[in-house]
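Next up: the structures, one after another.
Each of the next two complexes has subunit A plus one other chain: subunit B in the first, subunit C in the second.
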Partner chain A sequence: MHKTILGTTLWYLGTLAFYVFLLAPLAILVAVSFNPVAMVFPPQGFTLAWYGTILEKPDFLHAAFASTLLGVMTAVICTGFGVLAAIGLRRYDGPLKGPITSLLMAPLFIPAVIVALALFQILFMMGILNNIWTLVAAHVVVTIPYPVRNVMAQLEGFEGSLEEAALSVGATPRQALLRVTLPLLKASIIPSLIITFVLSWNNYTVSVFLASKDWVTLPLQLRAYLQYEYQPFVAAMSTMLIIASVVLLVLVDRTVGLGAMRKRG
Partner chain B sequence: MKRPATILLLPSVTILGAFFVLPLIWILILSFLGSSPTGEVVGEFTLGNYARFLTDSYYLTDLLWRTIRLAAVATLFSVLVGYVGALLIVRADPAAQRWMILLVMLPLWVNLVVRTLALMVVLGRTGPLNQLLVGLGIADRPLQLLYNETAVVIGMIQVAVPFVVMAIYGVLQSIPRQLEHAAMTVGATPLAAFRRVTLPLSVPGILAGSVLAFGINIESFVVPILLGGGRVRFMSVAAYETATVSNNLPFAATIGIILLVVAMALLGLYQWAVRSAGRAAPALQAG
Partner chain C sequence: MGQISVRDITKVWGAFDALKHIDLDVREGEFLSILGPSGCGKSTLLRIIAGLEAPTSGQIHIAGRDVTRDPVWKRRIGLVFQNFALWPHLTVFRNVSMGLELRRLKKDEIRRRVLEALRMVQLEPLAERLPSQLSGGQQQRVALARAIVLKPDVLLLDEPLSALDKNLRQDMQVELKTLQQTLGLTTVFVTHDQEEALSLSDRVVVMDRGAIGQVDVPEAIYNRPASEYVARFVGEAFLFRGIVSGSGARPMLRLPDGTSVPVEGERLQTGREAVAFVRPEWVELEPYDVHSHTGAPRGVIDRLMFFGQTSDYLVRVADRQLRVKRRPDGPALSPGNDVALICKARVLAAQVDAA
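Up next is the complex of A and B:
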């Protein structure tokens, strides 16, 4: 399509424009975090002081702890349940196979804000809003399709023949599961853990409905700072979150590839 | 073999039943219950909540129609930008493609509040975009770019584009380049070859991308809150505020159910319309 010099130049300019549109805002935000004066680009100087400011804020540290704990709990429980469900779904061939598969994928198709609203309403009615377990359960519910789908996709690959082989040489179903199937699934379990952690760590919609004062997560805390203290330390905090995301992204890309992150389909 | 399978399915089915199905059924019921002036739930069946929503032009035009309109406009632009992006990637050097994909995926991994804050900095009164507009003489003084519908639409486009790129990239990749080359050997200009060959063949990607983008945009929540600054009313935000600020639980449930039904209906209608258009014009189904 691009044979002439003009065409080639336009082609590169288009590519540049596309990536500027996609990534320049983030780059500008990172640059602002070094501005000693205010939330303004270009920075009127260079300082790292805002990183010190944010690391001294107790509510930031508390939110970082809450988000990390919530993310780890969500990742472990969600991936655990998801792996079991994917294996179960493969073995089960009863009349409910279709409905159960749809149920496991349904959180992808119902807007998260409606799931969060519904959970808020029922938990409010039951008076059990202020604890971390309901928050973990809510995060698990909105992320469970990812591990189920990843593991099911991998199970398609080895068609149960290895498990049958183990059974035929005298392994119990339990042994076959623990010694053959699970080790083989490592390649889909690890990305599932990372993806569910990232989704939980970044989640705003579900948390804003359900998190109590004691479990203010990083996105909620960032939003609170935006409202009341619009200073470059929020850019410093954002930069730290961006770096964490980039590290996890590269980690997944290096280990298993990025196909696992698609939202649907 | 059947018993262990059921045991394996039990944890996820239980948690989805308790924390997904049950709450959704509950808000469906709740949307048909009345509320006292103080917001307490009254245990009797009523259509009042729906009547209130559907007869008040504030809810219909200022809220529901705005939500649909902004989501649709943002989807249109997301598909345009996403298509160009996917085409640029698919035609790039194979070694570069891997990195280009990684850079498209990167924003998806960054916290949405962070991404929206980045746009607030860009669009702010003293932000780089205003500096550029004033510097180039397009505007004589900084414009109010934030806290209006345009800002919300820009935010939604930013969120949806990576998803659209991935959907269209997958389809474009599967179209052999030789088809376009063949068209050019028989005399088509590069542009005509693209328009008559590649574009029709990539319709499934456009369809998947636009469904994805509209689904994401219509349930947008963080973007209208931060970039709309309370001035751009949006269904999801209204449901949140009605439930947590004004504490009218049945009416919040009604807003949620209406959003859900409208989103599903529009997506269904759109897919049906595109499929029947495809049948009417066989050229679209080439290959």
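Up next is the complex of A and C:
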């Protein structure tokens, strides 16, 4: 009896310590962003002034625009490819099925820095580095496993007869895809869009190699700024990045949760 | 208009012959069951008729049209699946209306026809529900409505009742049969349940490892099976060998133990060996009496099982056990009693010449 109480207590303490280590730095960062004087902790007062200064930094506004554009393009293109790949892989049953699946999953296992360096070398040799499309392509490459895996997982539990039923009432395969398959895949497509957006929005490793001076992303701009000065303004910027990510991840949770409930019901 | 003809259909998967030269005609308005164990090719045959599977060779005609090369969506068929295959994101109404929407019919005509179809399956009040809010039987009725709303040339059903529990299944059998007769729809019904096939069908096709074992009316399939396989598959059969004896009018089969059983069958030749069978309800049991039962097969009751309307008697005859189904109103019999078996056995036509 005492033993189990001790075990439970240790377990809770361990969990608490885990979250403290994980979240404390973020909490400090958020606290600092409201601090009227320089980067010190604990805060000496409360102000939203640093958030106002973001608007006075055109570099950051441009970076926020670049990151958003990049994130949206990556999410749409990557999820689009992912859905097609997953549907294709479900229908195709030839000898290349395994290798193609592994290839699409490979970015999960290969360090992003290696992928980025390799892409950098190739694109540099081809002389097509300085545009947003190479950056989008690179982000798509490193995030493609997520939509493929999401959609494939949903297709696993998918009755083939749902599509066949559509064909039997006169739908062409394209109409069956549009009216039955894709609407049902919404439960994995929406989370995929959000996850790929967040991954792209937060990505530093790939962007640092491939971003051109016209397309500096927010994480890059923050890092560059920190090299020279250290002001609560950076903390304010970072807090906004954190909030954006959290909001989107809560959205993912909601959509995935709803999808799972619908399947059970 | 709604007849189907299957001409020399084969289907080969690698080294496996799923279907071997199937020829079959389904008549206009007929309810035809395809019966067989899993893996016999019955679902494959249905999927080939539907166009979901391409045959390796052969032709399919539906309503007089060669549809062998037509894809599913051009075949004008109604299809009902074992798992219902309702679209979970659409209401009952939209599940049924999808086919009409694809045909670009006018809104009010779609509405009229969908409600008419739902009325036929008594689901009109549930039109705005989602499939997940319906019971299994209701889902199956939606699937039926979805198939018949298009006024298809033929209705194809792939084990549509096997996902339902027993009572519901019996209700649905009656409903399905009534609906089919009302609409006069040519129907092909795939099942592994012999009672279902016998009770619903105008004719039954018994399939055996990719080939047709027998096609006939249910009564003939049950009482005059063409082979041992069919005899065993459509009901319980006790098979035994003997030599045909007796005169042409009253043929008998003499068994190895010297007793004889009256038999019926075609092309019986005196002196030839033959295989015959009896079903549990064909045999009458009487307390054995040396004088009146001379020459009749004799057994001992091993066990008695009471089922309400009937009882099953397990009778040991020459080291084998035979099940006899009997109403409880005859003479009282209990385990250990000596009994005479009074019956007429059926000689399996296929075995007469082979013997």
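Throughout what follows, the second predicted complex is superposed on the first by the 240 of 265 C-alpha atoms of A that agree within 3 Å, B and C clash if a C-alpha of one lies under 4 Å from a C-alpha of the other, contacts with A are read in each partner's own complex, and residues count from 1 in each chain.
In this section, a residue touches a chain if its C-beta (ideal position, glycine included) is under 8 Å from a C-beta of that chain, and two chains touch if they have at least 3 such contacts.
Everything quoted here is computed from the prediction, not taken from an experiment.
In the three-chain model built by superposing on subunit A, subunit B fits alongside subunit C with no clash.
Look at A:Val208: by the touch rule set out above, it reaches subunit B but stays clear of subunit C. Using the contact criterion defined above for the overlaid structures, shared-chain residue A:Val140 touches subunit B, although it does not reach subunit C. Using the contact criterion defined above for the overlaid structures, shared-chain residue A:Gly52 touches neither subunit B nor subunit C, since it reaches no partner. For subunit A, the partner that touches more of its residues is B, with subunit B and subunit C as the two candidates. Applying the stated contact rule after C-alpha superposition, one finds that A:Pro183 touches subunit C and leaves subunit B untouched. Of the two partner chains, subunit C is the only one that A:Gly170 touches; subunit B does not reach it. For the combined arrangement built by superposing the two complexes, subunit A sits at the apex of an angle of 100 degrees to subunit B and subunit C, based on C-alpha centres and given in steps of 10.
In the superposition on chain A, contact is made by A:Ser161 with subunit C only, not with subunit B.
In the superposition on chain A, contact is made by A:Pro107 with subunit B only, not with subunit C. Taken over all C-alpha pairs, subunit B and subunit C come no nearer than 11 Å in the superposed arrangement. In the superposition on chain A, the residues of subunit A contacting both subunit B and subunit C are 262-263, 265. Interface residues of subunit C facing subunit A in the complex, by the touch rule stated above, are 50, 52, 71-74, 77-79, 81, 83, 85-89, 98-99, 102-103, 132, 143, 146-147, 150. Interface residues of subunit A facing subunit C in the complex, by the touch rule stated above, are 159, 161-162, 164-172, 175, 179-180, 183-184, 186, 262-263, 265. Only residues 1-2, 4-9, 11-13, 15-16, 18-24, 26-27, 30, 41, 81, 84-85, 88, 91-92, 100-115, 117-122, 124, 126-128, 158, 161-163, 166-167, 180, 190, 194, 208, 212, 215-216, 218-219, 221-222, 226, 236, 239-240, 243-244, 249, 252-253, 256, 259-260, 263 of subunit B touch subunit A when the two sit together in their complex.
In the complex of the two chains, the subunit A residues touching subunit B come out as 1-3, 11, 14-15, 18-19, 21-26, 28-29, 32, 39-42, 80-82, 84-85, 87-89, 91-92, 94, 100, 103-104, 106-107, 109-115, 117-122, 124-125, 134, 137-138, 140-141, 144, 148, 173, 198, 201-202, 204-205, 208-209, 218-219, 222-223, 226, 234-235, 238, 241-242, 245-246, 248-250, 253, 258, 261-265.
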